[in-house]
Each structure stands twice: as C-alpha cells, then as structure tokens.
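All chains are identified by letter, namely A, B, C and D, in their written order; residue positions are counted from 1 within each chain.
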Amino acid sequence: MAKANRKNGIPKKIGILTAGGDCPGINAAIRGVGKTAIVKYGMTVIGISDGFAGLIHKEFFELTESHLSGILTLGGTILGTSREKPFKGTGKKKEEFRKPMLIKEHYEQIGLDCLVCIGGNGTMKTAYMLAEGGLNVVGIPKTIDNDIWGTDVTFGFDSAVNIATEAIDRLHSTANSHKRIMVIELMGHNAGWLSLYSGMAGGGDLILIPEIPHDEKIIMDYLQKRADNNKPYSIVVVAEGINVPDGESSPGRYLARRIQEVTGLETRETVLGYIQRGGSPSPMDRVLASRFGAAGANLIAKGDFGRMVAHRNGEITSVKLSEVAGKTKLVSADDPMVKQAREMGTSFGDC
Amino acid sequence: MAKANRKNGIPKKIGILTAGGDCPGINAAIRGVGKTAIVKYGMTVIGISDGFAGLIHKEFFELTESHLSGILTLGGTILGTSREKPFKGTGKKKEEFRKPMLIKEHYEQIGLDCLVCIGGNGTMKTAYMLAEGGLNVVGIPKTIDNDIWGTDVTFGFDSAVNIATEAIDRLHSTANSHKRIMVIELMGHNAGWLSLYSGMAGGGDLILIPEIPHDEKIIMDYLQKRADNNKPYSIVVVAEGINVPDGESSPGRYLARRIQEVTGLETRETVLGYIQRGGSPSPMDRVLASRFGAAGANLIAKGDFGRMVAHRNGEITSVKLSEVAGKTKLVSADDPMVKQAREMGTSFGDC
Amino acid sequence: MAKANRKNGIPKKIGILTAGGDCPGINAAIRGVGKTAIVKYGMTVIGISDGFAGLIHKEFFELTESHLSGILTLGGTILGTSREKPFKGTGKKKEEFRKPMLIKEHYEQIGLDCLVCIGGNGTMKTAYMLAEGGLNVVGIPKTIDNDIWGTDVTFGFDSAVNIATEAIDRLHSTANSHKRIMVIELMGHNAGWLSLYSGMAGGGDLILIPEIPHDEKIIMDYLQKRADNNKPYSIVVVAEGINVPDGESSPGRYLARRIQEVTGLETRETVLGYIQRGGSPSPMDRVLASRFGAAGANLIAKGDFGRMVAHRNGEITSVKLSEVAGKTKLVSADDPMVKQAREMGTSFGDC
Amino acid sequence: MAKANRKNGIPKKIGILTAGGDCPGINAAIRGVGKTAIVKYGMTVIGISDGFAGLIHKEFFELTESHLSGILTLGGTILGTSREKPFKGTGKKKEEFRKPMLIKEHYEQIGLDCLVCIGGNGTMKTAYMLAEGGLNVVGIPKTIDNDIWGTDVTFGFDSAVNIATEAIDRLHSTANSHKRIMVIELMGHNAGWLSLYSGMAGGGDLILIPEIPHDEKIIMDYLQKRADNNKPYSIVVVAEGINVPDGESSPGRYLARRIQEVTGLETRETVLGYIQRGGSPSPMDRVLASRFGAAGANLIAKGDFGRMVAHRNGEITSVKLSEVAGKTKLVSADDPMVKQAREMGTSFGDC
C-alpha cells in the first residue's frame, strides 16, 4: 500500500469520486467526507468528475466548503457519475487496457494521498483492485438495493423504500375502487430487499424476489383464493430480477398479463422505474451518509486504507475491501423478516 | 323530467354513484353531497355500488353520517366504480339493450328522487342520457385529466399534478448525475393538461401533448442543441395520447428509444402509470370536491336537475348536462400558458 | 411615468427585488421574469439584494441564465428580502426620509428601465408610491395569506394550505387516540383564507378567522355538544389574527386553555409557525409564479408600467397598482365557501 | 408466572392494549400481533380500550381480521390510549389503590391467557409490575423519543425524525431569505435522540439536548462567530427537555428571545408540537412495528412471558421486562454520532 504524504502524519490531499448508478444521499456523503476532512483535519479535497472516467480523463476540481454548503438535502451527485469500469477492458484495445494505469498515473500527478470511492458493489470491486495496485483507497457503500456485503445497510435504501411504499399506498385506493389486482415492479436485479421492505410496509399480499423462486401456479391459486374469499383486490410486489420466460422485458408486465389470462381477474401493472433513485434523501439516509462520510475521513486520517466504511450491529465501523469485493448480500429464504411476513399471511409465491 | 317526491318541497331520497376511473377526491365529494343532504336537508342518501353496474344489478345501501366520517382524506371511492356504460349495448343482445330500462326501473323501485353521478366525460354523457330518459340527475365532474367541458377545473387534477411533478423532480437528480435525457410518460389520452402543468411545474424542457402535433426532427434538433450548448441533461414530458407509429404501445418508451438512436445521447424512460390516480387527495382537491358535493346537494334541494356542478371564473356554479355531454376540453395550441412556457424556453416539439 | 430606454422599443435593463416575508414560489417568479426577459426580449436583468434595502444601499448584481437554473423548486428567495418600508420614515431623521430619494437616485444610476417588485400588500403599496414618483414599476403579488386585492389568488398560498392541512391531518390521529380537542393556530393576521381552506381540507370542526367575530360561549357549547353526541374529538383551526383578550400572545394557546377550563375536555394546542412559509413551492405555486413572472416581463416589454400582474377569472392579466395599493382582500362572512362549510356542519364560532 | 390456558399447548385468548402517548406505527403493531395470532396460531384476540383504563373499567371487544384490515398505514391507535398509571395511586383512595387488583380480576374474568402492552417507558414499567403480580405479559416498545432501554430502536422514532427534519428543511429557506436565526423546539423531555437525528439530518448548526448541558455564553459566541464569518443564517435545534431558567415554559421561545437580546441577530422560534406524533407511520416504522407485533405473538405462542420484544444488533429479539423497567436510554455525550456531528462543525453548546 502506498505511503501517504502526510501533514503532521495526516494525509493532506484526498480525492473523492462517485461511481455507478446515482442514489439519494451521495451528496450528503461527499459533504460528510469533505467537511470532516477540511474542518477537522485541514486536508485539501479534490472532486473527481463522473466516477472513474474522471480519473482516466483527468477531470477534477478542488472541493471547498462552499461547494459542500446546501448539498446535504440534494439528490444525485454534484460530482457526476458514470458506469465506467476501468478493469473491464478487453485486454486487446489499448485505450481499454491502459485505463488502470492511467488512473494510477493521474492519481499521482494530482498528488492524491487517498482516493475515496463512493459507489455500489461494482465500485467496491474496482476500489479493491486499485488498492491492490498500490493506491490508498477508502470505499463508501451506497445503493438503493441494500445488497453490499459487509454492511447491514447502505444509504439510498431508506429513501427508495419510502418512494416505493408511497407508490404501493397509492395503488391500494385504485385497486380497491376497481376491485383489481395491481402488480408493481420495483428495482432489484439480484437482491429483493427493496421489494421485501416496501412490500411489507405497503401491505403487499404477494412479494416476489429473485432469491425465492416462485411457481406461477401457486401465485394464481393464491390470488384466486383471495378473490374467492371476497378479498376485493390484491397487491403484488415484484422485483425486476425475478425469473420470467425469455423475451419478456418486464416481469411486472409479464405477470400482470398472465394473471389476467389465467385467473380472469382484472389486473394492471406499474413499473416504477427511475423515480426510485431520485430526489432528496430521506432524513435517515442523510444521517447514515453523513456518518459514513465522516467515518471515511477518519479512516484516512488514521492511514487505515483498503477498507470500506460500514454499519454493523448498530455501529459505524469498517471492513476490508478484500472481504467485500465480488460479493453480494442477498435475502435468505429463511430470513426472519420473510418468515414473519409469511406468518402474517403474505405469500412469496413459493408455497 | 321526473317530478321529485318532496318533503316540504324538497326531494327526500337521493342516490349517489361513482363511475369511470377512480381519482383522488371522490370520497370528499360523496361526503360533501351526503353531509349537506343529511345535515341541512334531512334527506335519505343511498350509495349505489360500482357505478352504473350497481343500478343495473340493484346493489345499494344507505349512506349514513358514520359512513361519511373519516373519508375526506381517503383516496379511491368507498362506493366502488366500474367502466359500465349502459348505453353502449349493441342493441342485439337483450342483456345489453335492456340496461337503460333496468336502471330506470331500479331507480323507481328504490324510490330515488334524484341520482347524483360522480364521474368523467363518459359518466356525464350517460347522466345526460338518463336525464333525457326522465330521471332526475345531477352530475359532479371528476378526472385527473381536467378535460371535462363546462368547468374550469375538476378535482383529481391537482393531486395528479402533484404526483407527476414530484416524479419529474426526482428524475432531475438522476438525469443530472448521469447526464442523461429522461423521458417521462404521463396519463392523458386526449388532453394534455396534466403534462402541461406538471411539465411547467417540473421544469420540463420538452412537453409533448396530443393537442400539439410534434415533429420528431424538431425534437431531435432541440435536444441535440441543448447538448451542444453544454446543458448536461434534458427532461421530456410526454402525454400518453401523443401520436406515435402503429404498434408502439408506449410513446414514452418509443421516444426514448428513438432519441437515443438518432442523437446518440443516453436516454431513459419512465412510465408513471396508475400511481397518478391513487392516494389521498391534495388539500385543494378536497376543498373543490367538498364544495362540488355541497353544491350538488343544493341543486337537488332546489329541484334544479339535469345539470352538472362546475367551477367557472372562480365560482362554484352549474351547467346543463346537455351542454357538456359529448364534449372534451382540450389544450388550445395558443393557450396563454403554452405561450408563456415557450417564452421561457420550453419546446412543444412543433417548432 | 418615466419613459423607458428601449432597444427596438423594448426596455433593455430591468431590476428585480423581493420584499416582505418570504414564501414558496418567489424564486419561480424571479425565474419566470428573468427567463422571459433574457430569452425572449434580450434584456439585461439586475437582481437587487434584500428588498428595498438593496436599492437604498445599492446592493445588486446581474442575474444571468445560470443564476436562474435550478431555482424553480427552491423555497425562499435567492435575492434575499427585508421588511424595509422606505416610505415609513418619520420625516424627522434624515436617513429615514431620504430613502425614497435614494431609491430613485440608485434606480437611475444603475440605469434601470423598470423595477419589478415581488411582494405582498405592503410591497404593492410601496411599488405604487415609487410609480407615482416616476419610476417604471411592475408588481408581482406573493403571499401565503392570499389577501392581495386585485388577484383571485397569489402564489405561496397553495403551498401553505398544503403544509397546514398536512399538520391538521396529523393532529387527527392524536386527537382521536386520546379523545382530545386539538387547537391549531395558523398564520393570518388579517385574512382567514389559509385557515378557511386548510380547515375545510383538513376537516376542521370549528374554524375561527378574523373576519367572522366569534363568541366564546358558542364555541364552548358547540364543542360540548359534540362531546355529548359521542364525537370523540374535535379539531379547532384558528387564524392568528382573531380577537383575544389583551395580553394573550397566542390565540391558539389562549383558546386551548379556555376550552379546557370551561368544558373540562382535554385540550392541546399547536402553533404551526414559520414552517408554513418555507420549503419547496407546490407544483401549482410553481406554475402560477412562473406565469406571473412571464406576464411581468411581457408587461415591461409593452411598456405597460404601474401595474400588478394578477390572476382573475382563470386568466393571467394585470391591474393598476393604484387600484391595489392600500387594500386587503378579506373573507366575506357570506362567502359561498363559508356557507358551504356551514352546510356540512362546520362552525365558525358565531352562531 | 401464571400458567396459560392453551389449545394444543398454545394460549388461546390474548388481550392487547395501547398506553401512554400515541405515535405512528401502533396500529401496525396491533395488526402484527393480531394477524400472526389469528392466522398462524388461531388465537382469539381481545382489544382493550384506552390503555390500562380499559382493563380497570372492563371495556373491550374482540379484534377480528376485518378490524386489522387497512390499519397498517393509519396513525394513532384504533384501541384508544390513556395516561392511566394503575400503580400510581396514593394508597389512600380506595378507587386508586384497587386498580391493580381490578386489572387482575378483569384479566381473569375476560379469560385472557396473556396481555400485550404496547407503550413507552411508563407502560413497560406497569407491564413489569403486572407480570410480577402474576399476569402473563408481553411488552412491545413504542415511542417517538427512542428512549426505551433494551432496544436499539422503537417504532415511531423514524416517523418523528421525518416530520421534524421536514420542518427544519422548511426553516432553512426562510432563515436564508431573511438572514435570521431560526430556533426549532422538538419533543424530548429526557432524551435528545429526536433532536440529534433531526438536527443532523436537517443540517442544524447548533443542537441542544438534555443529556449535554449547554452554556449560554458558548451558544452566543458560536452564533456570533457564524454571523461574523458571513454565514447568513443559523439553525438551532432544541429538545424541549433542556435546562432553562425556572418559569420559562418553552426552551425554544426562551432561547430565541435570549439570542436576539444578546447577539442582536434577528431570531425566530418554532415549537413543532403535536404534529411530531401524528399521521401515517413511515415505511420503516410500519416494518418495525409489524415485526415487533409478529414477534410478540411468537413469544406468546412459546409461553415466553414477562418479556419485551426488541431490536438489537439488527435482529428482532426480546429482553426481560425486569431489565427494562425503570430505565431510560439516553444519548451519551461521547456517542459516536455526537462526535461525528462535532467533527463536521456542529456545536452542542458545550464547548
């Protein structure tokens, strides 16, 4: 690991970048790192534009306290982001395989003593690889999917649960007035946390997530039985990553069509889409992001590199990037929350 | 027009039904009619279930003050609704062409002195036809589309504008962080009011509505020019009723695909869907719906049938159903608001 | 009236200031004026800081398009505001009585062709006086009180109704759970519009406003009768401007105390305070403010000075400042909305 | 401890009561207990009215599945609540000292096998005392104060943080526009959790809580210094339980007055009041309350009485009521969150 230039033993110039999909709370995290680094440690803070692309193309600017003022409540990221994955090059095209080297070169040219990478699973993996390549790196986890290994929770998740639940709340009144089945498709390619939490918070009758394989016959029987028992409507919450036949672009649309075909019950779908990722972070996400940011700055000050800040057992702590990289935190089929939802009558389409 | 049974000259038994798509504020309107009818006039109020279907199948119950308590803020309709259009029968099937007659028969059997029809354009047309057939009818307009002729505004619209604008607000942060074009498709088969208002409230750069035919080339040039001028992102608001090629099920999805193909700019779409119609009504919709309801009860008390309550020039008034039936209130291409939006730099895709 | 310097007959440099209490939508109005003035007319736009104080102290800066970007949804005013009333000087202190002359002097020094004054009743009066003194002035009305004469509605009002109604909604659950009377005091020194609308939207049982003198005995009897009729709780909405005994600083606190003393019913009060004026404007306020702003720029372009933009009978129009100055739009005791609220069972404490 | 009547070894009749101040999520908890008890275990569930008062006066009714439908999102408590503390009698008045015995008597008469007590610190203490007296009791913690010992978090807290933070957000725009200091007083007699979280989430500059004694001089110096450094405004978040001079009824009002007197800076206060406890629970509170409810039913089924359900280290678990009773969970002055807030520049008025 690179030795940091230090002022009284403390790194004096750090960079921050935000990579992957945006989510609420990123700016609060930038502010948390920045304020602590500047106010407490007197560091210089460099904002890298548009994720790893900014390091490849050397686009950056100094983040001063005035940049950090008023961004606590702001959605998105003031630094911009991109899906650039520098290690995903083919190894054949020069402009591709040179990216990691360019990052290292520019890191040194800018004179960074540490790079803070705010992002999701992919970003943590890249951060780990850069750390292995000799950069001082600190990771800060963010995602609305809550699927980052090593931390109990990530910021962005609470905001997304709020948005998704509000949408489910709205569907109840329409479902009830028209005696319809309403299917809502939420984000979550691999992990069903968002659907699980929003589904429970919104009183979903059926919750389908990638981790719990469903059986269409069971779904149809369950919905038919509800109708037979004079439940006038049903709410079906579906994570976008559940298994559907090839060629179906949206599991929500697919399922709504199938339910109506098979049961004859009037069914409509809503694909909630990008609004799940946007807007001002929830208060709890602002707190978590601020604390993650502050914790990141403290790790740097201690020279404790190659780690990701985390929230575990109610405390802000950190884990090695090497433990996190390449893993995903999924919903277990016997998660206590799944069990409790079942006990209250919710079906997961599997039995 | 039928002569009302009156107690001291005032009708003593009235029915209420809610028909067509649900929207926020219907329950507030039911409460407005019911409370005024019961508290002020001592009428008996009958709730008809599921729109005109309830009159055809004779499903109804007495609405007492306790039914009306706590529903002011409730989304949907406590009476249920349906898309039943009793005059749309073929004239060939007996069970179809008999519907209007069944409605009249059951109206008389229940002993109604007036029927309050809460609904949209279709409902107002049916209400008019029933009035012509001898029933005492009062219409109360509701729709999130704001397209009912004869009234400046309908309840449901303000709530829908709130929901749609909040969604657009959320898209801004994602669009900005990723430098993307975000296309959002809103409800509105015929009328563009919702897209016009939400688009202006949400700072939409391009607003496409059915009333103003757009030209794809102009759209592409406009978006390209914004990108060339270093505007990092654009928000495109699209009403679902705009003209797109045959076979395209969603204009939002179609346009997003086209924009990316033609301009090469990264583009994503969101189809907001049913959440636009659900949930608790906005305060202003509660006020408007309550006032419409109270005004409806007052019309009945005066024996002023065959009319729809309306909001015109800042006042609650009423218009003849015969003037309303079969018409739609559309956005005019030279509406002052369209003009002002243009002056502030918004494009409607037409020039 | 001063003759404007014009470029092709159009004023080329205009100033904007915001005065009096802040409210949601001011920034949208600034943006509406600015965008239209710059994009459509090519004017130079000067932002004056902190209301009339900024003209007295010559504090200003050029507002460019980049200042106007992203402020549509922002609460407060980017220009700052103050309670400075330049004509309220004693006539004895030089620094006081010279203010109007300083304003005129600086207006000319800056080279303004017109001054846009965004504010409430007090601001419109000052704007009128400046117009009489030879300045080209256009007024844009804003207030959460909705009490500006000459316009059916002002921006800020809808947002405040939303906030106040949400608060009343919250009080319902506490009132119901504890079987309490909840008194909520809302803003409104002279006009009861906010209490009237929020009270109706929130299902207030008793609404007290300055325009309708109340009788404490009637209030107590009304609340006692509700309790006797097994209504488990009551919501009392009070405008801060209602008449209470001398020395009582808060009518809400006073009334809550009195109600509990006289009726013995458990009673609690909430004084909602400044949150009624803050935060992002509602979508409808953004639309209204944007349109008022655009209309203001259009008035200037036509050289139509000495007027206030207004919303009348569903249209954006304008009225002479001379007709507006010094007047207040109050709730009439026989306002149709008051009548309808009474018909649905609401009391105004007067009979 | 009493031996439960069991059907196949499982208690067959349980009672639920809700006591103390209401808060968002209580109905979700009632639903969680009730649904699990009925659906999974086939128990009969009795709702006791108005807290312990309902057991004293024998007011109760059977809670069926239809009572539990639609209450997940509802604020307050469908059972009603009261401040009745049955063990707080003087020992002199017969009607007072007999209360615990009446509770036992009626518990037996109704034929309860277990009593679920949903409430805060006071309720958990009473629950413990009843358990000691031989009743089968399970406690479920609720409070917006988050001060119940033995659980990391309680439902109600997240909702209250949301409401308080939204209020602080609104104050920012007014504070900024008028260059004022805004003081906001939040609930929290003993514990400062709500002020700490909302203050951090809302970007409060100064956070005053009961657990960290403040020094007025330090407060004044801090605010003056901010003003001197051209920070145009400051937000001061104050828990209602902080120390102020005798006779001052509201610390928020007191401090605002003092700040203005001492610093001369314009200062306003807002006392947020009861809206912090009302309205629909946040999604996360609905999840937590549902899970607490389900966990409570599971404890009963296992005959595991005398315990309170809890959330510890990310898991739903339970603790002995004997460990909880009489304790309060306060903010420690060296809580990591306090430390991080300081590092980002927030003052707690103590140094």
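Operating definition for what follows: a residue touches a chain if its C-beta (ideal position, glycine included) is under 8 Å from a C-beta of that chain, and two chains touch if they have at least 3 such contacts.
In this text the structure is predicted, and so the values were computed from the model without any measurement.
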item: Chain labels contacting chain C and also chain D; value: none
item: Euclidean distance of C-alpha centroids - chain B vs chain C, Å; value: 30
item: Chain A-chain B separation of Cα centroids, rounded to whole Å; value: 37
item: Whole-Å gap between the CA centroids of chain B and chain D; value: 41
item: Touching two or more other chains - residues of chain C; value: 166, 169
item: Pairwise touch network: line, ring, star, complete, or other; value: ring
item: Chain A - residues contacting chain D, complex; value: 31-32, 35-36, 39-40, 72-73, 152, 158, 161-162, 164-166, 169, 197-198, 200-203, 282-284, 286-287, 290-291, 294-295, 297-298, 312-316, 336-337, 340, 343-345
item: Complex contact set, residues of chain D against chain C; value: 18, 21-22, 24, 26, 50, 74-77, 80-82, 163, 166-167, 169-174, 176-179, 182, 232, 268-275, 277-279
